[in-house]
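Each of the next two complexes has chain A plus one other chain: chain B in the first, chain C in the second.
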Partner chain A sequence: MAEFVMPSLGADMTAGTLGRWLVTVGDRVSQGDIIAEVETDKGTIEVEVFTGGVIEALLVGEGEKVPVGTALAEIGEAGTALESASAPVSAPASASASRSRGIMTLGGSGDLDGPMATPAVRRRAHELDVPLQGLSGTGEHGRITREDVEQAAVAEVQAPSGDRVRISPYARRLARQRQIDFTDVQGTGPEGAIAARDLEGAPAKASAESPKKRMQRAIAAAMTRANDEIPHYYVEHAIDMGTALEWLREKNQSLSVNERLVSGVLFLRAVARALRKHPLLNATWQGREVIQGDGSHVGLAVSLRGGGLVAPALRDADQGSLSELMARMTDLVSRARAGAMRSSEMTSATITLTSLGERGVESVTPIIFPPQVAIVGFGAILTRPWVVDDQIVARPIVRVTLGADHRVSNGHQGARFLVALDRFLQEPDKL
Partner chain B sequence: MKRDEIRATLMACLSDVAPEIAEEEVEDDVDIRDELDLDSMDILRWVQGIHKALGVEIPEEDYGKMTSLGDAIDYVAGRI
Partner chain C sequence: MTTYREAIRTALRRLLLEDSRVFLMGEDVGRYGGAYAVSKGLLDEFGEDRIRDTPLCESTFVGAGIGAALGGMRPIVEVMTVNFSMLALDQVVNNAAVMRHMSGGQFEVPIAVRMATGAGKQIAAQHSHSLENWYASIPGIKVLAPATVQDAHDMLLAAVEDPDPVFIFEHQMLYGIEGPFDPNATLSSPWKAAVRHPGSDVSLIAYGGSVHKAMTAAEELEKEGISAEVIDLRSLRPLDRPAISASVSRTHRAIVIDEAWKTGSLASEVSATLAEEAFYELDAPIARVCTREVPIPYAKHLEDAALPQVPAIVEAAKRSVGNG
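Showing the complex of A and B:
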């Protein structure tokens, strides 16, 4: 049996709140499945499971805050656990498992405390943000049906004041994310239910700290730590982007609008390839130890338009075609801005790429995200005088700055990394 | 297609890219990259959305003709 624990989703995270379970006892899960949402200072993170099997027990209830490393669920081997789960599933559950902390278990007593529903119904419930716990099923043997879920989609819930109000699931999720007190909100939805549009202008909970403030606090803590603890060194290099941009222009002419690439994907791929060649920059510093990275996972600094900054990882960014990388990058940035990042994206990067060129600055001197050991900043691609074959010509130039941890690498190695990056960008057709 | 219908479609496509942008804060004559903090990936997604909604193909070299919402409406109106 394996334990699914509260993950560390950042260097400064010591505890997290289990926001929501997306599985219940008896569910079969595979490696990589998203099984829970954890609320952190960086927002709500979808947490994946790294062990396949059957959920035997949910040990922590929704809304509980627990330290990193706390066991959240027990996962049994698929074969044995499924056998033990099959009997209770075929008949209404006796529901004798502990509910004292929203805990559900399966195993020792043979009890099953999880609502019966097909995977399709569970997916629908997830889409509509309807918790299956407590729903009365109208299907065979009390099984929850799609209609049960949809009818429950607009249901009475307890407002922060304690009053019962009707609110749509989406509005409820929005209110939770924005810490809105919807007690006195006038609903304009079906049967007077509160819809998302009704939340505009509604007040925040009196004692609540806004997500924006929490994120700011998390960023401040991480950057202060980085500045205090990491002996940064910097090396800078100017790269002629003429060949890469010409290749990109021709490439995009041959592609449909949905397949077009942006220069950022070339930067990303070049960083990932250079990282492979320079393993000293592909690591994390944890405690007093260098932990070697296991792939080429590059964090992308994504600014949130309402304020704030996140840097989820694009894993194995050196793999696959540029078109595939472009699609993955677009998806990652979209999800980061929508607050739908995954746990594996929060911890696996060893280096971060930040690009402020589109905001017009010529260069950026960035601070490392601990426990990573490097960060690379791209400025704007600007037309500059450049010497080619002893002639001064106008070329598109980008200034790239590497900030790295001097405990792990040195300027010589950093310089070699930037030169490798330059070489990759001179051969865009091979990226 | 009338101009206000094109505007509504372009705004809907923009909302898909940046849902946090309120329609009333988008004026027709301001630089949308600068004012709305859009980057090249956002612009590409916007162009893709316009293509899907209206069937208008916008080549990369014409992005510069769509710096403001008003410019974009004029550009699209000329190609429907």
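Showing the complex of A and C:
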């Protein structure tokens, strides 16, 4: 028996809303299957399962918001779970299992509409505003009893909420009426509590916001944190792309339109390769210590139509052929634009690559996406007068800027990284 | 301008003149003219039948008053201080307060009991306590605390007119105060709280002697740009809860001033009422400014230190308003 829990889909995520189940009780799943969609500030994320087996119970209903780490589903070993899932209601083994484990294991056929509870209990749950989904039944055959509901109601009231904001009741009421988000408001009342006057100019509440605004706020929070916390240093380097572009041109002649490579995939691969040699840039800063990245997982900054920005990870971007990487990159970007990213893609990046080349600007000075410790920005490949062998010639030049966390690395190391990156781009056939 | 004690005497005279069922009794109310000189001259005017000196036994003369009320009279009983009234509590709790209930409405007890309360005159612990909250917790009686000269007069008239036992608590520091007074003014309901000083930033809720300290505090706060509303509770039972909530709904902050000990005080009752009925109006924690939990000291500086004073009220109000 394994639990499938609400994943952390970002360093700042504390809770997520289960948007949709893509499986039902009794479904067989294997590692990597996408079994649910989770709504976060960053959008709707598809979540993979890391354990194979059979879904024995769905513990959280669609639309429910739960803290990270909350068990969402129970996954049993294939054989046994299937039996119990198809067992008749009166089977003693099944009944005792459900009594101790929770709900929704009994019907098996999936014809049960939610957890088992009598109408009276449902009514009590409604009165007390207790969702039956996810409630553990202690009654016969795992039925939810009136006591279960009442205890859950008490537990909910008593549950400590760590992130409770100090705010006067009056200000809290005003904030609710005016749909104001007071989480970032500075309190000037007694003992720093937020008073009514502090709500002037506070932003509108997230729940009343469009997903676009919500994402904007998430980006704002991450970037503010980056700017406040991370001592950035920058190293810039101009790279002659003549050889690389020539190689690309030749390579693409033999490929169909769909398969053709773009310069961006060379940047991606070169960064991933250079990263292997410079692990200090391939890491996350977790408050006090550096956690080394376990592979070259490069986040790709993707601007969304309508203004949002996401940076899903291309895992192990140093592995596989360039064509494979190209395909993966195209897929990732299109899924990111469609809002269909996977959970692992949202958290696993250990460096970010941003390219404003297609916008035509010469260079970009990017801000690190915490908790990462480095970001690489590419400008446009522009034809520039360049000195080669004492001759001024026109060459395609790209300006690459490394922004890195000075708590983790220094300019010397950053410079060596860029030089390594340059060297990789001079030998595109080896990428 | 008239003094508080003259206003009470005016009411007493009017009642004695207009209603032959009315009489006054208590310790030293006749020949001595009352411990606080309220009834001076009344013995000469109305005679020993209607201005009656009693033995030093509160249980006896309060009980006799209850009996007289049951018998159809309109007794006004003066108890020298609330401290001494403890001796009569049995008569109050077990007779006056329950008679209407236990007789199924057949009997009523239209007694008015006046007594001095409060500290500030250096007359030490046995004459200085504020125990009106004890009375205010008893169903079956009514409790008034006149803070102004006009109320001292009007509330006595209302108390005698009322068919139930009414207890009037006169703060001993108020007998000498002067204030506007019109003996023929239309009587306002004694059961309603009054706004003595309108304001918008914080409510100073007080009664009796503390109202005057709250008024002084409001003036000082005004100089610092804080607009304080002073609420005079007037009636301690029934408590005008809607008026309290209404004031805090305007100001969103509350300081409750009470010369009783904080624990179990009327200030506690007002605070709990606000928490229950105006919670979502509160923009700052409620604060209580009450007497230190000690017997009232005799020494002047210690007595002053034990009682709620204007600087403490001002301080509490400023803390409540915060640094905005």
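Here is the rule we go by: the second predicted complex is superposed on the first by the 304 of 431 C-alpha atoms of A that agree within 3 Å, B and C clash if a C-alpha of one lies under 4 Å from a C-alpha of the other, contacts with A are read in each partner's own complex, and residues count from 1 in each chain.
In the analysis below, a contact is a pair of C-beta atoms (placed from the backbone, for glycine too) under 8 Å apart; a residue touches a chain by one contact, two chains touch by 3 or more.
No experiment lies behind these values; they were computed from the predicted model shown.
**Student:** Now for A:340: first (chain B), second (chain C), both, or neither, which partner does it touch?
**Tutor:** In the superposed model, A:340 contacts neither chain B nor chain C.
**Student:** Under the stated touch criterion, name the partner, chain B or chain C, that contacts more residues in chain A.
**Tutor:** B
**Student:** Which of the two partners, first being chain B and second being chain C, lies in contact with A:262: first, second, both, or neither?
**Tutor:** first
**Student:** Determine, under the contact definition given at the top, whether A:330 touches first (chain B), second (chain C), both, or neither.
**Tutor:** A:330 contacts chain B only, not chain C.
**Student:** Looking at A:197, would you say it contacts chain B, chain C, both, or neither? Reply first, second, both or neither.
**Tutor:** Once the two structures are laid over each other on A, A:197 reaches chain C alone.
**Student:** Examine A:223 and indicate which partner it touches, taking first as chain B and second as chain C; both and neither are also allowed.
**Tutor:** Neither partner.
**Student:** If you stack the two complexes on chain A, which partner ends up touching A:5: first (chain B), second (chain C), both, or neither?
**Tutor:** neither
**Student:** Given the touch rule stated above, what does A:171 touch, chain B (first), chain C (second), both, or neither?
**Tutor:** Once the two structures are laid over each other on A, A:171 reaches chain C alone.
**Student:** Help me check something: in the complex, which residues belonging to chain B touch chain A?
**Tutor:** Listed in rising order, the residues of chain B that touch chain A are 18-21, 33, 36-37, 39-41, 44-45, 47-48, 51, 57-61.
**Student:** Note which residues of chain A are touching chain B in the complex, please.
**Tutor:** Residues of chain A touching chain B: 249, 252-253, 257-258, 260, 262-264, 303, 305-306, 329-330, 333-334, 337-338, 358.
**Student:** For the complex, give me every residue of chain A touching chain C.
**Tutor:** Listed in rising order, the residues of chain A that touch chain C are 168-173, 188-190, 193, 195-198.
**Student:** Which of the residues in chain C come into contact with chain A in the complex?
**Tutor:** 252, 279-285, 319-320, 322-324
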